[in-house]
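Chain nomenclature is as follows: A, B, C, D, E and F, assigned in order of appearance, with residue numbering initiated at 1 for each chain independently.
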Amino acid sequence: MPTGLPAVNSSVASDDEGWVWAQIKAEARRDAESEPALASYLYSTILSHSSLERSLSFHLGNKLCSSTLLSTLLYDLFLNAFSSDPSLRSAAVADLRAARERDPACVSYSHCLLNYKGFLACQAHRVAHLLWRQSRRPLALALHSRIADVFAVDIHPAARIGKGILFDHATGVVVGETAVIGNNVSILHHVTLGGTGKAGGDRHPKIGDGVLIGAGATILGNIKIGEGAKVGAGSVVLIDVPPRTTAVGNPARLVGGKEKPSKHEDVPGESMDHTSFISEWSDYII
Amino acid sequence: MPTGLPAVNSSVASDDEGWVWAQIKAEARRDAESEPALASYLYSTILSHSSLERSLSFHLGNKLCSSTLLSTLLYDLFLNAFSSDPSLRSAAVADLRAARERDPACVSYSHCLLNYKGFLACQAHRVAHLLWRQSRRPLALALHSRIADVFAVDIHPAARIGKGILFDHATGVVVGETAVIGNNVSILHHVTLGGTGKAGGDRHPKIGDGVLIGAGATILGNIKIGEGAKVGAGSVVLIDVPPRTTAVGNPARLVGGKEKPSKHEDVPGESMDHTSFISEWSDYII
Amino acid sequence: MPTGLPAVNSSVASDDEGWVWAQIKAEARRDAESEPALASYLYSTILSHSSLERSLSFHLGNKLCSSTLLSTLLYDLFLNAFSSDPSLRSAAVADLRAARERDPACVSYSHCLLNYKGFLACQAHRVAHLLWRQSRRPLALALHSRIADVFAVDIHPAARIGKGILFDHATGVVVGETAVIGNNVSILHHVTLGGTGKAGGDRHPKIGDGVLIGAGATILGNIKIGEGAKVGAGSVVLIDVPPRTTAVGNPARLVGGKEKPSKHEDVPGESMDHTSFISEWSDYII
Amino acid sequence: MPTGLPAVNSSVASDDEGWVWAQIKAEARRDAESEPALASYLYSTILSHSSLERSLSFHLGNKLCSSTLLSTLLYDLFLNAFSSDPSLRSAAVADLRAARERDPACVSYSHCLLNYKGFLACQAHRVAHLLWRQSRRPLALALHSRIADVFAVDIHPAARIGKGILFDHATGVVVGETAVIGNNVSILHHVTLGGTGKAGGDRHPKIGDGVLIGAGATILGNIKIGEGAKVGAGSVVLIDVPPRTTAVGNPARLVGGKEKPSKHEDVPGESMDHTSFISEWSDYII
Amino acid sequence: MPTGLPAVNSSVASDDEGWVWAQIKAEARRDAESEPALASYLYSTILSHSSLERSLSFHLGNKLCSSTLLSTLLYDLFLNAFSSDPSLRSAAVADLRAARERDPACVSYSHCLLNYKGFLACQAHRVAHLLWRQSRRPLALALHSRIADVFAVDIHPAARIGKGILFDHATGVVVGETAVIGNNVSILHHVTLGGTGKAGGDRHPKIGDGVLIGAGATILGNIKIGEGAKVGAGSVVLIDVPPRTTAVGNPARLVGGKEKPSKHEDVPGESMDHTSFISEWSDYII
Amino acid sequence: MPTGLPAVNSSVASDDEGWVWAQIKAEARRDAESEPALASYLYSTILSHSSLERSLSFHLGNKLCSSTLLSTLLYDLFLNAFSSDPSLRSAAVADLRAARERDPACVSYSHCLLNYKGFLACQAHRVAHLLWRQSRRPLALALHSRIADVFAVDIHPAARIGKGILFDHATGVVVGETAVIGNNVSILHHVTLGGTGKAGGDRHPKIGDGVLIGAGATILGNIKIGEGAKVGAGSVVLIDVPPRTTAVGNPARLVGGKEKPSKHEDVPGESMDHTSFISEWSDYII
């Protein structure tokens, strides 16, 4: 964990959220001073705002707007959502922490806030999901469409997503209507949580807490990926994966086999260990 | 099939097309009434237009424009294409039906018309393809580039595509220059119909009617995917797949084996059954 | 090689670069004459400019701008970069040649310059990389973010990339912070050069000269893909691949086996031969 | 007075304001139904908003924004101003009434709200004036500049303006820093309330209640235009004009002469009678 | 008259219109060749279009659009108007000729078409007037508002305007609802054809054929400016001006006096002679 | 003169120019700190630039751009002009000083640089004039048109304008093709320097050094306004005005009469004294 960070599971959430926002402003101020060419951008997106919610609403409104869905309309929509549901802010802070702690390429909170398409897509999704739950579905779907166009991240507004999520790189992620994602999950780019046919109903994967899903993995159907499980990059998973086990390959096999899958102890969604299972994967080199 | 829909293969196409357009307007009117924040968008994209072609031309012109390719220019281009080639409209209607009938997440025709990047990319491609056939290649390629930037869907303007196509989710789809796609095909996101080298000529896959291609499948070379065949998610296919058979895996194997591939009866491009072949895939769990 | 092209490895680089720029202008002039609807675009992007650098700076500035990062700011940034580091221009010319020579769908240099998102993303990356090396990291990361949004190509600004690179189709490419790509490499879409965990340090692949990486391949960790090697489409590679050998499958195996991998002679990054190894891949059809 | 209007000086301001907003929505709804091409505009500017303040803030934000002063920033600014100072709303309503009652070309309240540049410039000025009084002068002046560019109406943010103001046509109006305008004043286009030199201090005209100033009149210096006075079109006024008298000509003379200026009884700022003084102007035709 | 121009009152209007359009394209082609920086602009506005109507519709659509009234909507509106009423085209051609022949600063037809705000405002007004006559008043007034914002030219959509009109410089022109302007009239900037009070009905000036109105003249009330009359710059006119006479001053007097106004012979709206009456204006120098 | 300003006619121009630019940056920095909502604007327009020329080029490029004349093109044009002709910069500095010293409402140099439409229109005109002298007339006229649209200031690109010019308020200013304006001239809004007919050739006023022209004055024909002369607001001037005399009225008379015009001593273009001549204007009040 980077030096000087407070504990993640702070019991005083609002202090923690204030701390993160203060960090973001300090980072942006430092960057604006060192790089005048970027100062205008940093002031408009961060430094002119009085709260993380306003900054995010402004940034998302300007990123997601189009000639037929104006930035002012979207800005309003985001502001209203953030003020009506405080859990959106705490989820955003948890996601910022997730990126900062798990992704070594994430150099600062403001870096994530401004530049991570996975982070931005996820926050916009949370607002679309709120609209969906409020039965404002045409608006939720219009927002969904803008997120899919702008970030190439396609999360159905009905999908339920926990906190502390890292969508790393994020391009090409697809999450279906009845998918559920737990807390502290890390999902790489090109990952699909898809359905299995044209029948409606509950048809998408359920991802447990602390799961890590590698780049390009395709997980299909109403199956369970147990808590703390890992899915290897490029895997195609069509069956349940037990907790704290690893599934790899196309079609995915459990490392150690179905009968005695080898367990790992940590929380891969947080440790981001993609490849330590290689030695156990006996036939890797033919 | 959702209640109240007329038969798909209506012999009176124009009545059918009119019916779909009437549905779209009715849906948009209902949504505008229930959601004032979205009404402006629905009026500009649908309710102010006198026909599906004009609505689509407006929507695509505004989606695909850039600071150097103005919306008015693109709008004109689309309007002219739709009025010179009525088959573009009937193909659009067939694609709308395909989404509505095969994708349980598609809640209405207007939802598809406005929000499905696969649908919109496909309609824009049809216009690029018309330009290509008219030997207006630089314009076709400029349009191709805009589609690839805006929707992350990269279909070469020379590629020939049938009707009743569902590009579901669509992000990352790549279809090469000499590819051919039949009617009633369903293609998930991240699917590649690619070439095999730097030699020119006929070098991309030929996809038969009714085929279903799962997410992330890569099909390379001038090979045939026979009618009614299925290609599993994440498969890498380098050889012909016979009609009504299933190919899965990397590299793809035919379910049942090359000598006696097990046949299935339905039209997977329409049934969208991705996973029922699992039980036949004997070594799925090791 | 198309008729009339001068030798690739011209010892007089500046003549060669001038020749390519002259070709681009001639192509654009021809296209503007034959297609008035596109003439405005061709004049603004190519014909009004006095050099390739100015044309590229204008085009990238207009493509990558947003409401909070103005085109004038980006244009300035690109112009300054090109004038301070002439190697950016020669790399751009080498990349244009790579597309023209290796991709049969590339009909002209101007086609690549205007329309290839892989080409454009790569040139913008080179500028982001220059900023990174100058310790202007917040600006480099902001540019990185715009490239990832607009082109769905996510190359960390610290990644080092050689010349003569073809990112074909390019959507979904992810290249991590400590990755290195040699010269004359061809990389298809959806390719990942990724890391292996949350530890920092040197953790991404090193790709040798002349390598060809097929669509959807995922290469993870600080491993070496030797010069002239091939990685098959959809492969997941977690170990070194020796020079002039081929890795295929998920997990990737060396064709011929680890002990006696069969060598090929040519430079696949240039020949773009994706599939000739099929006959050697003995268990391809089960 | 148009049939069915409630009394102007309603003692219950909030009811009155609610009535005007209800009228505006009813008008917009009627127009949206009769003119689908305009419906999108009417929904985005009026029908999607829950209050006059939000509608005005949205409309002004979109009218006054530029590539360096974003609509979201201005929208926020206007919303905050309207919510912090309710007199802005009542002044807007009084101005809407002024246009509706005095200008026969004003067909509806919504017509004024959407289309009258004088009305819009005046409301934006009120916000700039609020900022000025809050010592946020650089922001007030930036807003002033946008109003002057977009509407060609140049009112210094320090100028104090009453309620029930009609700036008719408005193009070219210039109002200096220390000018004061009373209530129920009507000012035509090209009117200048200017200073007299480079000395600072109180140097601009003071316009009494109920004054009517004709097109192109130029009023210079710290002089008083008494209540209910009229200034003829094209007049150049450099001295005080007594209450309920008329000044015409260049240089302006009082009708009836300085010693016994002929009085008129009504409130010309409300009656808008520009020309009934002709018969008294003895030398009009030479 | 510039050498080589055909007669103005050509009896074969359509040939004449074709000739003007051909001139415009030839001029634009010449300018595009000599000035590459402008070529993109010239192609998009003129050279890519097949007719004057399409060129004008495109140019006006892009000039008058806003974030809430999209260019595609306006373009459509203009195209439909031009195709439904061919007199709009012939009026535009007559106005182009008027500028070319009367304004020595008008160097070419394309100069007027692209750059003259008076010309552009007048053509857009004609379309607003057509909408007004079709009882599409809210749309007519919205267009009126855009013209007033963008060009600072405020012509009520109900005002009737003849052909061969030159609005020279045009900024600040105001033309009221019941004003009528004849043919071959020239009107300088800041001219007001205004009303006289808040009463409705026919209350604005009627301007005869061939009239010339100097800069800053204010003409108020339902009065007649007879054919071939002149109104001096800065005049304020409140009474009828007989044909072929000159009114000057504030208040305006007839040159030669009311009883025996001196007549002039030519058509000042075409000769543009602003000042030859000076010698007759006896008291001009005191 | 405001405290602490160095002498205007500094013999070391470049030091002076550097001083003004340093002031501008200091002002902007102070304002950015006190008003975060404006900081983004101040950084993008001033604080991110290394010189006054770059700041002005950026600001003008963004102000004058349109959908068919892109900001990048205009920015380039301005940058090239400023670097090819250093007198443009010194003229801009002289104009900034003129506003700061003569206009009591001008609170800072940056206020003028950012917000004064007269200042901005004048600097853009100087570039248009440079293009005109380089025989790049179509481009000069296109720029002229944008200035007239955006600022409602219409200065023909051939007009010759000195240094130290204040166009105060500026809306509606019209300056004809053969007009000449000397140094240290102050011109209020709605001023016309116009021609007298449709004949070409030298036909516009020549304004001497140090002249002050009041709001709404109309000066027509190839006449001379002698150095240090004053023209009263609303005057219509058709004859020469001798040096250091005052012309007022419509038609304009010389104060003191033609034979013995009363002289004033100062430089009214700098003192901005509009009205001290009133006492001499004997018949002002009838």
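Just so it is clear, contacts are C-beta pairs under 8 Å (C-beta built on N, C-alpha and C of every residue); 3 or more make two chains touch, one makes a residue touch a chain.
From a predicted model like this one, the values you see are computed outputs, not experimental measurements.
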{"item": "Neighbouring chains shared between subunit A and subunit F, ordered by label", "value": "B, C, D, E"}
{"item": "Chain whose mean Cα position lies farthest from subunit C", "value": "D"}
{"item": "Of D-E and C-D, pair with higher C-beta contact tally", "value": "D-E"}
{"item": "Remotest chain, subunit A as reference, centres from CA atoms", "value": "E"}
{"item": "Centroid spacing, where centroids are CA-atom means, of subunit D and subunit F in whole angstrom", "value": "28"}
{"item": "Distance from subunit F to subunit C - Cα centre to Cα centre, in angstrom", "value": "51"}
{"item": "Approximate Å spacing (C-alpha centroids) for the pair subunit B, subunit D", "value": "55"}
{"item": "Sequence positions of subunit B contacting 2 or more other chains", "value": "37, 40-41, 44, 48, 62, 67-68, 70-71, 73, 76, 152, 171-172, 190, 216, 234-235, 250"}
{"item": "Pairwise touch network: line, ring, star, complete, or other", "value": "complete"}
{"item": "Subunit C - residues contacting subunit A, complex", "value": "66-69, 73, 76-77, 136-139, 141-142, 144-145, 148-149, 152, 154, 156, 171-172, 174, 176-177, 190, 192, 194-201, 203, 216, 218, 220-221, 234-236, 238-239, 250-251, 253-254, 257-258"}
{"item": "Parts of subunit A lying in touch with subunit E, wherever the complex brings them together", "value": "67-68, 70"}
{"item": "Touching residues (chain side subunit D, partner subunit B) in the complex", "value": "32, 36-37, 39-41, 43-44, 47-48"}
{"item": "Subunit A - residues contacting subunit C, complex", "value": "31, 34-35, 37-38, 40-42, 44-45, 59, 62-63, 65, 71, 101-105, 107, 111, 114-117, 150-152, 169, 171-172, 188-190, 214-216, 232-235, 248-250, 270-276, 278, 281, 284-286"}
{"item": "Residues of subunit A that touch subunit D when the two form their complex", "value": "44, 48, 58, 61-62, 70-73, 75-76"}
